[in-house]
Amino acid sequence: MKKTLRYLYLACVYLFLYIPILILVIYSFNDSKYSTNWQGFTLSWYTQLIADGPLMEAFVNSLVIAFASSVSATILGTLGAFAFYRYRFPGRKVMYTFIYIVMMSPDIVMGISLLMFFIILGMETGALTLLLAHITFCLPFVVVTVFSRISGFDRNIIDVAKDLGATELQMFRHIMLPMLMPAIIAGWLLSFTLSLDDVVVSFFTTGPYFEILPLKIYSMVRLGIKPEINALSAVMFLLSLITVTVAHLVTKENR
Amino acid sequence: MVSKSGFRNVSIGSTLLWITVFVVVPYLFVLVFSFFQRDPEQIVAAVFTWQNYKDIFSPVFLVVCWNSLILALGTTVITLLVAYPFAFFLGRIPERIRRILLLLMIIPFWTSSLIRTYALIILFKANGIVNGLLLSLKLVDEPLAILYTQTSVFIGLVYTLLPFMILPIYSSIQKLDLRLIEAARDLGATSGHIFLRIVLPLTLPGIIAGSTMVFLPALGLFYIPDLLGGARSMLIGNFIKNQFLTTGNWPLGSAASVILTLIMCLFLYVYFLSSRKARTSGMGEMA
Amino acid sequence: MKKAFLVFFFLILPTLVFAAKQEVFVFNWSEYVDPSVLKQFEKETGIRVRYSTYESNEAMFAKLKMVQKAGYDVVFPSTYFVDRMRRLGMFAPLDKSKLPNLKYINPALLNKSYDPNNAYSVPYMWGASAIGINSKYIDPKTVTSWNDLWNPKYRGKVLLMDDVRDVFGMALRSLGFSANDRDPNHIRKAYEKLKLLKPSVKVYNSDSPRQPFLNNEVTIGQIWGGEVYQANQENPNIKFIYPKEGAVFWIDNMAIPRTARNVANAHKFIDFLCRPDVAKKNCEFIGYATTNSKAQQMLDPKTRNHKAVYPDDATVKNGEFQNDVGDAILLYEKYWEMLKTQ
């Protein structure tokens, strides 16, 4: 009895999480522009989606930015986490606190602060400023993810490596990096999704010459319900489904 | 020796430099701007003034602030109440099924929050699915007003942020040593006692981590009130956005941002205090 | 790692190729052009249109101030913003020799005080902001005045534009003042009156004000004629009523910001929109009154006779066109802020 109730509760929460998405997916096949009633099956919203040049370009732009920013943030963040673990330097504690603050700070404040920064420097908002902004908000997540794994390591490993005559770089490259790989991949994946999904920071840090998918969706959604958005949502949902499953399998193997 | 210190400096310097240039300096700009005067033509005039903070503490903004805090707090409490039993039950499920369930939990977290908000519009509108269902079941006589109300903003926030509460709580429950509970039970403790004295304190870091990850974004997510809210749904995030993108009052927007950042720091401080006490951190487990 | 960079370059390459093309960056009000017109322009000229939208003059102004270096090539400010932005030197002068289709524009709309000799702007569309109702829920005969919005019957069912001048213009007219009033006392009175309306207001929307009507979220409200026209393709019950105190009229104009990069393409785009066949198509799609005399003659009778698109002369006379209010705009904005945050 207790067990059934438990499963029932879990089921309810899952329903809450999934029903809206599933309805979107179903409606993306509905052959009606306005109606919420079922009018028959169609794939036309998907073909319209693919034919929508600016939207596809925004999608490619989003992927480029997500990829570039997550890779850069992962490299920087892994080095940073290693530095926090390995070295004692002035301002270490302050910096680490700051990283938490950045991670938790409201996106909107980061967005406007970077916007001001770029304008004062006279930089043109666009692909470059967007990339810099995305690296900035991804970086702390990588640092924290990698650091939480690295701090569980046995410090003796480093001493042994040093005794065997390894340089810092060699030690990092041949010992730390392989051991940290699962955390690095997790950090990269998290950055990739954060970047792909970000609305608030991007809203302020990109310009007219560089459009990305979430902002495009935002302006579409503000103009009301359109079946193309349903189709787009279904595709995005499928993408995240695949990403998460693959990521799950990859990290499982690594462990 | 050179390469050693070279690597050391690069690894320390890169993050340090990045954070300084792209976080510390821009935040300082916000702070400075919040003391400048507004200039309709040049955006700001570099004249010192307290006026922006006086405006912020006027009744108008305080109402916005108060509403935001209440809404964010409400979101936090509801997500906590939903997430805690959920995470707890999830931990009790056999390993094989749990893996899949956990995966199912993470997928919405990785799906664009904008799209999930959009899905709610389809559900809530007056001629939408929820109302269609209620009407056909004769539960209501005329469509319920859900869209463009505080309620829909509230549901939207809970819906978007729920996974952020579940994941840290789940990871703190995973760390729980079940032998402690058994021992307590052997000693004759009631379930209520065990929960209050053992389970709750040990999972507190997860609760606090989750609450921080729900509360803070709830204050700033301007697009959820924008899309789901109505005439009375202005939150701090929307206020700041409007100052920059519509009214063009950068100094006032900066002052509001400073206030928002201070609220955040307060929360982080509480978080650090309590996690130091518990000596375990749930936040790093998020990924 | 090498592979990763390869992928990166393959991903970034297409965007670089795209960037080399001829383009024009258009920043327009949302839902203010027929998408097929944009496609036609691309096909005929080979210039790619990069289109983004705004929901108020203020938002457009703030954005232009923000992207000071690189910006948009064509914007669509209302008359009173043309005046303001012209004075601030935010526009590039128009080269009339590149706008041969200018001759089709109704001379009655040219050379106005907000832009003498149309040095910087060309009128695009004009229209009214009046009362929209859903006749399924409200008898159209019972609504005749702006003051009907204040009727407690409609509590929680009222839509207002998310536009300071439109909303205050409406309130000022309902009090018998000018929609361009600069008197602080009158503006304050309008604010006090709007405050009383606040409990009735369901939502502010000027992105797509027809949507809340179509979703049955609101049954009455302030709306633009073209929105009603577009809504009628989906739901003929949405009606447009010109209140007896007079509707608020506006003219939107095309202009080229000083920061534009593709000035030649911007001229081509503006001239294209002035071509009678294009203006006709555009007008029939969005349902605002065209400024193009030739296009007006060619219009489908359904559009020409639609009351929301073309009001009769008496209605226009009874209403008032929006104008610049000078520094009083700051007062308007202050009250607007207070109204919205309440």
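Descriptive notes on the structure:
Letters are used for the chains, namely A, B and C, taken in the order the chains are written, and counting of residues starts over at 1 for each.
Going forward, contacts are C-beta pairs under 8 Å (C-beta built on N, C-alpha and C of every residue); 3 or more make two chains touch, one makes a residue touch a chain.
Remember, predicted model here, so these are calculated numbers, not experimental data.
Inter-chain contacts peak for the pair A-B, counting C-beta pairs in contact.
Set against the C-alpha centre of subunit B, every other chain centre is closer than that of C. Centre-to-centre separation of subunit A and subunit B, using mean CA positions: 16 Å.
With each centre defined as the average position of its C-alpha atoms, the distance from subunit A to subunit C rounds to 36 Å.
Among all residues of subunit C, those that touch two or more other chains are 66.
Shown for subunit B are the residues in touch with two or more other chains, namely 125, 127-128, 244. In subunit A, the residues that touch at least two other chains are 115, 222, 225.
Subunit C makes touch with subunit B in their complex at residues 56, 58-59, 61-63, 65-66, 88, 156, 160, 198, 201-204, 212, 215-217, 330, 333, 337-338, 340-342. Those residues of subunit A that touch subunit B in the complex are listed here as 6-7, 9-10, 13-14, 16-21, 23-24, 27, 36, 76-77, 79-80, 82-83, 86-87, 89, 91, 95, 98-102, 104-110, 112-117, 120, 132-133, 135-136, 139, 141, 143-145, 147-148, 167-169, 172, 183, 186-187, 189-190, 193, 196-197, 199-200, 203-204, 214, 217-218, 221-222, 225, 229-230, 232-233, 236-237, 240-241, 243-245, 248. By the touch rule above, subunit C contacts subunit A in their complex via residues 4, 7-8, 11-12, 14-15, 18, 25, 27, 30-31, 50-53, 55, 66-72, 207-208, 210-211, 214, 234.
Residues 3-4, 6-8, 10-12, 14-16, 18-19, 22-27, 29-30, 33, 82, 85-86, 89-90, 92-93, 101, 103-108, 110-123, 125, 127-129, 132, 159, 162-163, 212-213, 216-217, 219-223, 226-227, 237, 240-241, 244, 250, 253-254, 257, 260-261, 264-265, 267-268, 272, 281, 283-287 of subunit B are the ones that touch subunit A when the two sit in their complex.
The residues of subunit B lying in touch with subunit C in their complex are 40-41, 43, 60-61, 63-64, 125-128, 143, 145, 147-148, 229-232, 234, 239, 242, 244-248.
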